[in-house]
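Chain naming follows the written order as A, B, C, D and E, and within any one chain the residues start at number 1.
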Amino acid sequence: MIWPVDLIIMVLVMICGIGAIMVRDLLGAAILFGAYSFMMCLLWAIMGAVDVAFTEASVGAGVSAVFFVAAVFRTSRRTKD
Amino acid sequence: MDTLISIKPLLAVLVSLLAIPFIAYSRSPNVREGWTFLAAIVKFGIVAAMLPAVLNGMEISCSLVEVLPGLSIAFRVDAFGMLFALVASFLWIITSVYSIGYMRGLDEHAQTRYFCFFAISLSAAVGVAFSANLLTMYLFYEMLSLATYPLVTHHQDQEARTSGRKYLLYTVGASIGLVLPAMLMTYHLTGSLDFSPQGILAGTASRGTVALLLFMFVFGFAKAAIMPFHSWLPAAMVAPTPVSALLHAVAVVKVGVFSIVRVITAIFGTDLLQTFDLSTPLLLVASTTILVGSFIALSQDNLKRMLAFSTIAQLSYIVLGAALLSPKGVTGGMVHIAMHAFGKITLFFCAGAIFVATGKKNISEMTGIGRRMPVTMTAFFIGALSIIGMPPCGGFLSKWYLVLGALDADKIAILVVLLFSSLLNAGYFMPVVYRAFFCPPEEALFEARVQEAPLCCVVPLVITAVISILLLFYPQPFMNLAVMAAAKFTGI
Amino acid sequence: MESLLSNFLAKYNYWVYIGLVMIGMYAMIAKRNLVKKIIGMNIVQTAVILFYVSIGAKKGKTIPIIAHGHEETGHHAAQAIDYISPLPHVLMLTAIVVSVATLGVALALAIKIYRQYGTLEEDEIALRINEP
Amino acid sequence: MKTFALITVLLLGGLLFYGTPDFPDWGDPASPASLHVSPYYIEHAVEDTAVPNIVTAVLADYRGYDTMFETAVIFSAGIACLFLLRVYRRKSARTRLYRHNLTGVTLRIAKGGKLPEGSAEFERIDSVWVPYDMIIKVTSRLIVPFVQLFALYVIAHGHHSPGGGFQGGVIFGAAIILYALSNDLRRAFRRLSEKAALLASAAGVLIYVGTGLLCLLLGGNFLDYSMLAEMLHTDAIMARSHGILIVEIGVGLAVMAVMVSLYYNLSSAGRHDEGL
Amino acid sequence: MSAHFPGLVIIIPLVAAFLILIGALLDKRLAFPLTALALLGSLVTAIGLLARVMQVGVVEYHLAGWAPPVGIAYRVDHLNGLVLVAVAAVAFINLLGTRPLVVEAFGDRLGPFYTLYILLVAGLLGIVVTGDAFNLYVLLEIAALTGYALVGMGEGRAPLASLNYIFMGTVGASFYLLGVGYLYLVTGTLNMADLAVRLPALYPSKVVFSAFVICLAGLCLKMGFFPLHAWLPNAYSYAPDPVSSLVAPLMTKVMVYVMVRIMLFVFTPAFAFDLTAISEPMVWMAIVAIVAGSFLALSTRRLKRMLTYIVVAEVGYMVGGFWLGNRLGISGAILHIINDAVMTLCVFLAAAALIARTGSDAIDDMQGLFKKMPVTMAVFVIAGLSIIGVPPTCGFFSKWYLISGAIAAGQYGFMAALLLSSLINLVLFFRIFEIAYFEPFEDHHAEHPTGHGRVLSAVQEAPLELLVPLVVTAALLFALGIYAGDIVSLIIDKAIPLGIV
């Protein structure tokens, strides 16, 4: 565990999280959410939770993001906030 | 006190309930009314069969299920309950006959429903009479409130709807809002709700609590129409007359006062009320109701409304009797249940008969009716006498005992109230009789073709009128029961 | 001051998790777009997972897979102190599955809503509902 | 709304903040959570189940019951999505697009129209027009088998390395989703139809539950894999290890099928005609 | 075999869920009988389990053969034995009754519907039976997830309501999970019994208090306790009728059960009632919930919506009764879980029948229904009386205990709220009875023949399939009332820890 890496990832997690809810485009939000999940996965991997990280990588960053994109594709990208 | 275990009380309650499927699925009106009649007679038979044992000082009890720890649905027939059950079940027979005449005479709709709910109401009334504890009583009390709702609103028009609302709101509302918490508080204080001749609250609560409970009970049993919880009764007069007669002169309102007297004597106990000196406020309430009720009755033109206010006043006699806490007063109050029942039902039957025969509801339209319907109006006269409390009618007896009770208790004010209210009673009844009989022929409002109501209507009112008179001379069953009950409750 | 700071630093993972829960909740309450709300919901769920994972962490210890497990079976047992605690990981695997399942259903509903009202904005939906 | 949200969030933050100072320090090996139950797992997992990956051992054996319900959760998500979105009425009103494979010419065929002669050379494409992209198609066609193989490896090797049924299942599902993304939904259906996916998801969970039930019928408690020893001709410990493998396969199958089924329903909004 | 009952009660429906799906792929008609069979099996097992608990006391079942706290254990005592039977029975009766409605509404997706239905029931049963705090979360989610899907299939605003339900439900469940995490953080265990042993030493810790508050907040959210009830009315009233008659009786009640379980058997009464000063505020919140729920019910003229507000008020009853913290109050709350489940089932089933026949759920469209559907209306009246609290229906007896508890605890405000709510319920139900009784029947189909897609021919008595369960439920209301004393003394009394007076 190297603390600067840790710190950078945490900051990135926060940024991606805030970005995902702030960005005014749902497709962008979906992608940012994927990035958020991936950062989270890195964080967990650093903490030694490899299985959880593995799962999050495949589920959060992978399939969930695809689901979001699919849903956004079937609805609309538009968002007011 | 000997106790008999028997299912007779249960049977007495269930008879009319069991009759309902037969009534509901009868092919023809005749069969249906036949079943009603049969059920009424069987019910009376069962009640009467228990009479000798009760007169011998026995109590008959029957416990069904224990619904709550230490609390069961149980019946216990004592003298007081017997008195009331006897009146109610006997009058059901009479009223059944009358109903047939009235309902057919006016060609009312939904008669099957009417007879069904009538039967349920009677079950409930007898259930209240025979209950061994407050919980059972509450159960049947609520059952009665709900079962009479379709009867009150029988006409299904706007007026019936409003009255039905009022009726439910007062009776069920008060019982949920006041009786239920009072009952629970009692249970919390004493751990029991069984009726006991000496009361169960003694030694468990302070004066303030007892007073609070007392008034929660007295006002909570709104069927007794103690002011200010009285206004449902005149409103409920929209019901068909047999309903008004049986339920609002006999079963419903009497269940109310019966419950109050029961609670005063068997939950609080006369001693406790004496100790805490709570009879005075109770007397005050009752007296107020008597006087105000009578005054309002004076001003009524609608015959049934007038009778309703008269009932309000008369009911408080019973409460008054119990509140006197003296043996004679209690006896008077109890006997008044029977006396008033016979007298008032006669009056209601008369009002109904007049309505069937002429379609008139207002007193002012009844000028000269005595010439056309002499039997009915004679019976009316007798009933009125009984209510006023004049010999040769049964009413005299109960008033007499009430007066004695008041004297015993050294409550001169109550004496004055009683006498004054008798005057008022005379004041609103006599003009009706006078107008009916003693008017110049030219003022009479009725054609010659107006005749007595159908036989089914007339016979019952004659019977009740005759009984009203007979009760003065042969009051034994009721009198003995009342004396026994009063002796037990007051411990003398 | 020193202790406060060290206390702060010693638990920094927990502060992150609190921050993420707050972000997620804010999105769920304040945002009017349904997909945004769903994202917020997922952020809350991952924050909880982060919390659990942080419970299990042990500084400087290794991942909960026993090295050369097969050769040493039964000989000298693994020392609990050497490994990161596995239980929270197990729980969180389940929680991740739950979150993706919830996500699937939520998105399905969002699509259904869009099919019905033609928009994902809550205020616009409210307008559509009140229209007829 | 925003102020309300802010207030709520701050209150919540305060509540969470309130308890935190009493937390054991992060990463403290002596925190109570690390001292009570989990040491048992670390110290006994191998001798109890012969699975070096403690997480897998706990997941599929000690707390296998949780995992069974986890699988049931994902299964119900699949069914829920199907239940909510699936549209069974066929809408033929849409115009369909066909592309001539050799020339890249796109034909728009109106409702009720028919394809010209030699339809074998035409391929139906999605109505949202996307350019034909050789690179994507070919690369993903190349990648997909390897991804699938990797997924199987992850499932099978969950005993020794990170991974297991769930991760493997997701990866396998992702491979099929990738196939569907790079080609189109109709082709994916040819590989794994809706019914097959449903059947596979149910079958996957049934493998799990069935294993548990089998243990119960063999006289043990539900999911007590050691009861399988006799059937598998091994001792109780290896039976646990094998039992874990069996249920992991079940989980993998179910998760794969559900992920694909979720994608089918979400990407086509339940119509199952054309996807992303 | 009876040793496996705690497991079987969940496993039977769970296995059935997958068989139903596979069966329905072969033939749609297989779905219903399979579901019925499985739920019957579950019900029988639950009853057997309760009988066993009453004979021998607490029954434990170690899943996968691992003893707690290492493995997951089911622990069945009097409390969950009773709730288990109620849940299984309600689900079974509702299943039988709603078949015609389900076929009508979901004829093309019977397989998924019944699969979700039985998974929901399995989840609820699991919540009740489990003795592991985290396992409870998983089961909670399975019940919730299937619930979202079923609710979301209703007409009109149902999807939106369901999505809101998802948000609230997920936050609630996440809070619960977080609370459990806090507890795990300081104790290292997830088994409820083990937690109860290890927690007392940690009571002064702020973490435990936070865990307590967070758990409670999550559960309150899930059960729709008043200020957090916003999702409930929409979700339950827009849900398809066969679903709302399953979800409304069970979901909130099971969540109340979870609260009782967690507070009594994880935090122990000593902490929940004595060490935290939270009982009093909770009772006051319950009072607000009851009053608000009742008045909200008064303000709507749609039948199902009114009933859902009543559910909100009833949740207040149970929560308030529990937090009175004395034996009577808690008995009342537990008894009310059972009674309210049956009462709510009864009203919602009756409402489903009425709505199916009239095609409208506006109270004003119920004219003349006493004539047209006498049996359904009679059952509705009985259920209404039970909700009002008229003896000898069961509603009276739970109210009895609740009020007794309030008096014993000196919480007269709670007593007043209960009585007020009874009175308002009286108004609510008699308002409906009046319309159905007084006003002549009007055929609304003539006005908007295609307004509702599920109008079944002319208005007439509900189909026999629905009537029989209705009548059975109504009979149950009486039976539960009459045996209330026995239920309390034989079962509930033993379910409450001895320390509570």
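Here, a contact is a pair of C-beta atoms (placed from the backbone, for glycine too) under 8 Å apart; a residue touches a chain by one contact, two chains touch by 3 or more.
Because the structure is a prediction, the values reported are computed rather than measured.
Q: Going by the contact rule set out at the top, which chains touch both subunit C and subunit D?
A: Under the touch definition, subunit C and subunit D have A, E as mutual neighbours.
Q: Between subunit C and subunit E, how many steps is the shortest route if every step has to go to a touching chain?
A: Between subunit C and subunit E, the shortest chain-hopping route counts 1.
Q: Return the chain whose centre of C-alpha atoms lies at maximal distance from the corresponding centre of subunit D.
A: So the chain farthest away from subunit D turns out to be B.
Q: Look at all chain centres (mean of CA atoms) and spot the one farthest from the centre of subunit E.
A: Max centre-to-centre separation from subunit E belongs to B.
Q: More C-beta pairs touching across which pair, A-D or D-E?
A: So, comparing the two chain pairs, more contacts are at D-E.
Q: Roughly how many whole angstrom separate the Cα centroids of subunit A and subunit B?
A: Going by mean C-alpha positions, subunit A sits 78 Å from subunit B.
Q: Counting only Cα atoms for the centres, state how far subunit B is from subunit C in Å.
A: That pair's centroid distance is 70 Å.
Q: Measure off the straight-line distance from the CA centroid of subunit A to the CA centroid of subunit E, and report it in whole Å.
A: For subunit A versus subunit E, the centre distance works out to 37 Å.
Q: Please report how many Å separate the Cα centroid of subunit B from that of subunit E, as a whole number.
A: Computed from C-alpha means, the inter-chain centre distance equals 44 Å.
Q: Show the residues in subunit D shared as contacts by 2 or more other chains, in ascending order.
A: 16, 21, 23, 27, 31, 33-34, 37-38, 40-41, 53, 55, 59, 63, 66, 69-70, 73, 76-77, 80-81, 84, 162, 166, 262, 266, 269
Q: Could you check subunit B for residues that touch two or more other chains and list them?
A: Correct list: empty.
Q: Can you tell me which residues of subunit E touch two or more of the remaining chains?
A: Residues 134, 138, 141, 145, 148-149, 152, 159, 178, 184-185, 190 of subunit E touch two or more partner chains.
Q: Go ahead and list every pair of chains that touch.
A: A-C, A-D, B-E, C-D, C-E, D-E
Q: Which part of subunit C faces subunit A closely enough to touch in the complex?
A: The touching residues are 12-13, 16, 19-20, 23-24, 26-27, 30-33, 35-36, 39-40, 42-43, 46, 49-50, 53-54, 56-65, 84, 88-89, 92-93, 96-97, 100, 103-104, 107, 110-111, 114, 119-121.
Q: Under the stated contact criterion, what part of subunit D meets subunit C in this complex?
A: 1-2, 4-6, 8-10, 12-13, 16-17, 20-21, 23, 25-29, 31, 33-34, 37-47, 50-55, 58-59, 63, 66-67, 69-71, 73-74, 76-78, 80-81, 84-85, 160-162, 166, 255, 262, 265-266, 269-270
Q: Can you tell me which positions in subunit E touch subunit B when the two form their complex?
A: Touch list, subunit E to subunit B: 385, 388-392, 397, 400, 403-404, 407-408, 415, 419, 422-423, 426-427, 430, 434, 437-438, 481-486, 488-489.
Q: Quick check: in the complex, which residue numbers of subunit C touch subunit E?
A: 21, 25, 28, 34, 37, 41, 44-45, 48, 51-52, 55, 87-88, 91, 94-95, 98, 101-102, 105-106, 108-110, 112-113, 116, 125, 129
Q: Please name which positions on subunit A make contact with subunit C in the complex.
A: Spelled out, the residues of subunit A in touch with subunit C are 1, 10, 13-14, 17-18, 20-21, 26, 29-30, 33, 36-37, 40, 43-44, 47-52, 55-56, 59-60, 63-64, 67-68, 70-72, 74-76, 78-81.
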